[in-house]
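Consider the two complexes below, in which chain A is the common component and chain B and chain C are the respective partners.
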Partner chain A sequence: MKSITLKKLFLMHSWVGVLTAVLLFIVAFSGALAVLSRPELKIWANPELQSTQIVPSSDINTLVNQYYKQVPSAFGENIHVFMPSGHNFYLLTLVFESHHGDENYSQEVARVFQFHPDSLALVDSYYGPSKEFYANKKTDAPSYIGEFHADLHLGRPIGLILTGFLGLTLLKSAVTGLFIHRKMFKELFTFRRSKGLDIAISDAHKVMGIWGSVFNIVIGFTGAFLGLATIILLPAAAFVSFGGDQDKLIETFTAIPEPVVSHIEQPTNIDAILENAKSRFPKAVIIDATIMANNDANAQVYLRLLGGEAVASQLLHYRGDGEFVKSMSSFGDISGISIKVIEVLFPLHFGNFAGIFIKLLWVILGLTTALLPLSGMMMWLSKRTRGSNPTLSVQAYTRWNRFIIGSCGGLVLASFVLFPLQIVLNYSVDGALQNAFFGPVFFYSWLGWLLVSLLPMHHTFYFKLTLLLCGAALSAVMPLNILIGQNNIMNFNSALVVIVDSLFMLIGLTFIWAGLKLKLTKQPILEAQTV
Partner chain B sequence: MFKVSKNNKSTFKAIKRRHFLACVVALITAVIIIPGMTTYLPFHMNEQILLPIMLFPIIWVGLFMYAYLAEHVWQPFAVMLLLSISHGLLSLLALMQGKA
Partner chain C sequence: MNITLIFCAVLSLVFMTLIIRKNASSKIIKVIYSLISLIISFVCFANVYGLLGGIITGVACLMCVGLLTAFITGKALKGY
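Entry: the complex of A and B
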């Protein structure tokens, strides 16, 4: 390859990296945490889920039919059963929907009943527009971080477009990075820790980038697809393909078509259907069930499954009498190779296709993806302070470093603060009322720490403080849980809580140790000198 | 705060136009290509719709890199303009046929 081409590729790699560094860190770090958000951290965050995540099929059958009799007939059109599996709701949730509204609402309306997964006692109920129910369902710290990763809480479509675009830039940086680091094999194993900070950062950037290149390309590609496909690309492509006929478009791409109600009564065998699915896919988790035209001869039941032998999530179709019809993609019964590839893109992005070890690998690789733009930015800044004619003053260098620590370290701190907050909220605030606390605590602690970067202090000291605060936030989880938590390391009621609390303590103590070990530079504060 | 390096200027000719092409025009072109491609791909309708969507990230990265790597700035501009116009017209024709 010509040297001028390599130089161009290097400059492209640098520019895109520098421009997107902070945003890419934000998305990649929150993504690394989000990998474990469902179901592991969601179960940790909800004591109701810690007792059990499996409700016997016969109990589900009984509850559906008991409450089906209590709601007006229009609400039997569509019944959704959300299992307390840690993927969606924290309670067993029955949603009875009327698509055409009722005497009080002209829009889609729902009657919802939520039960404790273990005791099956009715915990909460709701009557009103379906959209409002789903929009206001209870969230928790891990789900909040997961949703932040998806759209940065900027709402859709803007948030999704932004994260999708960052996926594109990650893909481009990974591709250009592979071109410019031609001595790949040598650089895979080169890390010169004793040669000074600049060389160590440069080596770490190359090692992380090359080892993680396939992962970064996959995450960039799938992230761009997930962000942009549903918002811009699919509507645009389908709109043209169907000649502007949107009804036909929806009809073709709807996974669950409406059945024709026969008005011939026949009990829907929910119990047998759930048991059949469990016997077919014993290692998979049933996420939810949709029952259409319940207790009608034409009733149809769809179960959404995750895990087991299948890499992607799948949709099982049954007739109401319990007869298995077929297994299909979660997008519906669409033929072709493309849909198979798209199905795989989701688990590849989420890392939920082969158990907890792949998830942990995804977390580690995700953290290296977060560190890549930071190390690249540090190399770029550092390079501009060196030489006989530096383009960046030492004062500006310090300010830039403080900005990076404030924005990226502030995000880490804000995310970590949510975990002890979750323990306090579980103790003091009921159900969906907790939702009001996550946003303000997250964004104000992030903004507050970013504003601290305006103070004239040395960036090493600021970094030390960030490490110590992050460590304090995480290591506070276990003692708080012992003091006010329902399940903790002392009573050993939940193994998952014990493992998560211990890991938080370990990571928190590591942050504190790193913070204490960090040597402060003796260089005086530059702003203070110049004032 | 930063001084623009003269070295970069010599590496790229017409750098501002290349930035515009890579950041704005490449994205618009890639978005226009997707629905346009659905009109001529010789596959089943599902494939016609889904395949271009899957290709989108690759198309965008390709156009982005070409905007900087091309020797003359008019080359990527001409390619992107041609792709946009041709695929835009194909989409428009498909929509008009659908309405007729």
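Entry: the complex of A and C
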């Protein structure tokens, strides 16, 4: 490639990276945490889920039929059963929906009953518009971080467009990075940690960029697709194929059509259907079930499954009498390679197609994706402090560093603070009332720590404080859980809680150790100038 | 069984990255050993996660192993 083209690519790589570095870190770091949010950290955050995540099929059958008799017939058209698997609700949730409203509501309305997964005691019930129920469902610290990753809590469509756009910039940076690093194979293992901070950061940036290139390209592409699909791609597809009619497009791609009710009574065999799905795909998890026209001869049951040997999530279709019809993608039974590719995009982004091992790989690679823009930004800054005519003064260099630590370190701190907060909320606040606390604590702690960066202090000291506070927040989880938690390392009721608490303690202590080990220097750019 | 297979796959990939990293070996030796290790790891992963899942996991694991090997062992360029 011509040197002039390489120079242009290098400029593009630098400027795209510098302009989006902080935002990319925010999205990538929250994404790395979000990989573990469902179900692992969600189970950790909800004591109800810690006892069991599996409800016997016969009990589900009994509950559905028991409450089906209690609700008006219009609500039996569409029944959703959300399993307490840690992917969606923290309780076994039965949603009886009437699509055409009732005497009190002209919109889609639901009667909801929520049960404790272990005792199956009725914990909560709801009657009102369906949208309100889903919008106000109980959240927790891991889910809050997961939702923050999706749209930065800026609401939709602005948040989705922003994260989708950041996916595109990640893709562009990853591709241009591969072109401009011509010594790619030579630098596969080059990491000179003893040659000073600048060289170590430069080597780390290249090593992470080269080894993580495929992951970054995939995450950038899938992230852009997930962010922009509903905002740009859906209207575009509707414009091309359906004359701009988006509803018709959605109707075509909906996997669950409305059945024709025959009014001939025939019990829906939910028990046998659930057992059949478990025997067909023993490694997969049933996330939810949708029962259409319950106890009618034309009843249809759809089960959504995640995991097992199928990389993409599956939708199993059964007739009400228990006869298996087919397995299809969540987009419906549509043939064509493009649908297969779209199906795989979701698990490729979330890393949720198999077990914890794959999730850990996604976390490690996600953290390197977060560190890439930061290391690039540090290289860019230090380059401008070197030479006989540096373009960046000592003060400006320190201010920039404080801003990066305040914004990125502040996000890490705000995320970590949510975990001890979760323990305190589980002890003192009931159910969905907890929702009101996560936003203020998260954003105010982040903003507060960012404002501290305005104080005239050395950036190394600021970084040391950030590490110590992050470590303290995570280390507080285990003692808090022992003091006020239902399940903890002392009573050993839940192995998952013990593992998560121990990992929080280990990571927290590592942060504290790194913070204590960090040596304070009085010369902010001495090292940068001497290289 | 699955844990053993995953362990074998990761070990093969570690072996592969160490072979690639080693300067003393000739290119042909590196290619042969790397291919064998890669095939072993992909077969192990495919047994656990299915064909497509095995390929995706194999590539992701290779990236992680390579990254960690580079950070842990580190190596200076010739001349440094």
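Keep this in mind: the second predicted complex is superposed on the first by the 518 of 531 C-alpha atoms of A that agree within 3 Å, B and C clash if a C-alpha of one lies under 4 Å from a C-alpha of the other, contacts with A are read in each partner's own complex, and residues count from 1 in each chain.
The rule we apply is simple: a residue touches a chain if its C-beta (ideal position, glycine included) is under 8 Å from a C-beta of that chain, and two chains touch if they have at least 3 such contacts.
Please read these numbers as outputs of a predicted model, since none were measured by experiment.
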(message) In the superposed model built on chain A, check whether chain B and chain C fit or clash.
(response) fit
(message) According to the stated criteria, A:484 is in contact with first (chain B), second (chain C), both, or neither; which is it?
(response) neither
(request) Based on the superposed arrangement, let me know which partner A:228 touches: chain B (first), chain C (second), both, or neither? (result) first
(message) Touch test for A:338: chain B only (first), chain C only (second), both, or neither?
(response) first
(message) Which partner chains sit in contact with A:429 here, chain B, chain C, both or neither? Use first/second/both/neither.
(response) neither
(request) Would you check which partner chain A:154 touches, where first means chain B only, second means chain C only, and both and neither mean what they say? (result) neither
(request) Report the partner of chain A that touches more of its residues: chain B or chain C. (result) B
(request) Name the contact category of A:451: first (chain B only), second (chain C only), both, or neither. (result) neither
(request) Determine, under the contact definition given at the top, whether A:356 touches first (chain B), second (chain C), both, or neither. (result) neither
(request) Quick one: classify A:12 as touching chain B (first), chain C (second), both or neither. (result) first
(request) Could you grab the smallest C-alpha gap between chain B and chain C in the overlay, to the nearest Å? (result) 19
(request) Return the residues of chain A at which the contacts from chain B and from chain C coincide. (result) none
(request) Within their complex, state which residues of chain A touch chain B. (result) 4-5, 7-9, 11-12, 167-168, 171-172, 175-176, 220-221, 224-225, 228-229, 232-234, 236-245, 252, 334-339, 341-342, 384, 391-393, 396
(request) Provide the residue numbers of chain C that touch chain A in the complex, in ascending order. (result) 6, 17, 20-21, 48-50, 52-53, 56-57, 59-61, 63-64, 66-71, 73-77, 80
(request) Would you pull the chain A residues touching chain C in the complex into a rising list? (result) 186-193, 195, 204, 207-208, 211-212, 214-215, 309-311, 344, 348, 351, 353-354, 357-358, 361-362, 364-365, 368
(request) Under the touch definition given earlier, write down the residues of chain B that touch chain A in their complex. (result) 1-3, 5, 8, 11-12, 31, 34-39, 43-54, 56-58, 60-61, 64-65, 68-69, 91, 94-95, 97-99
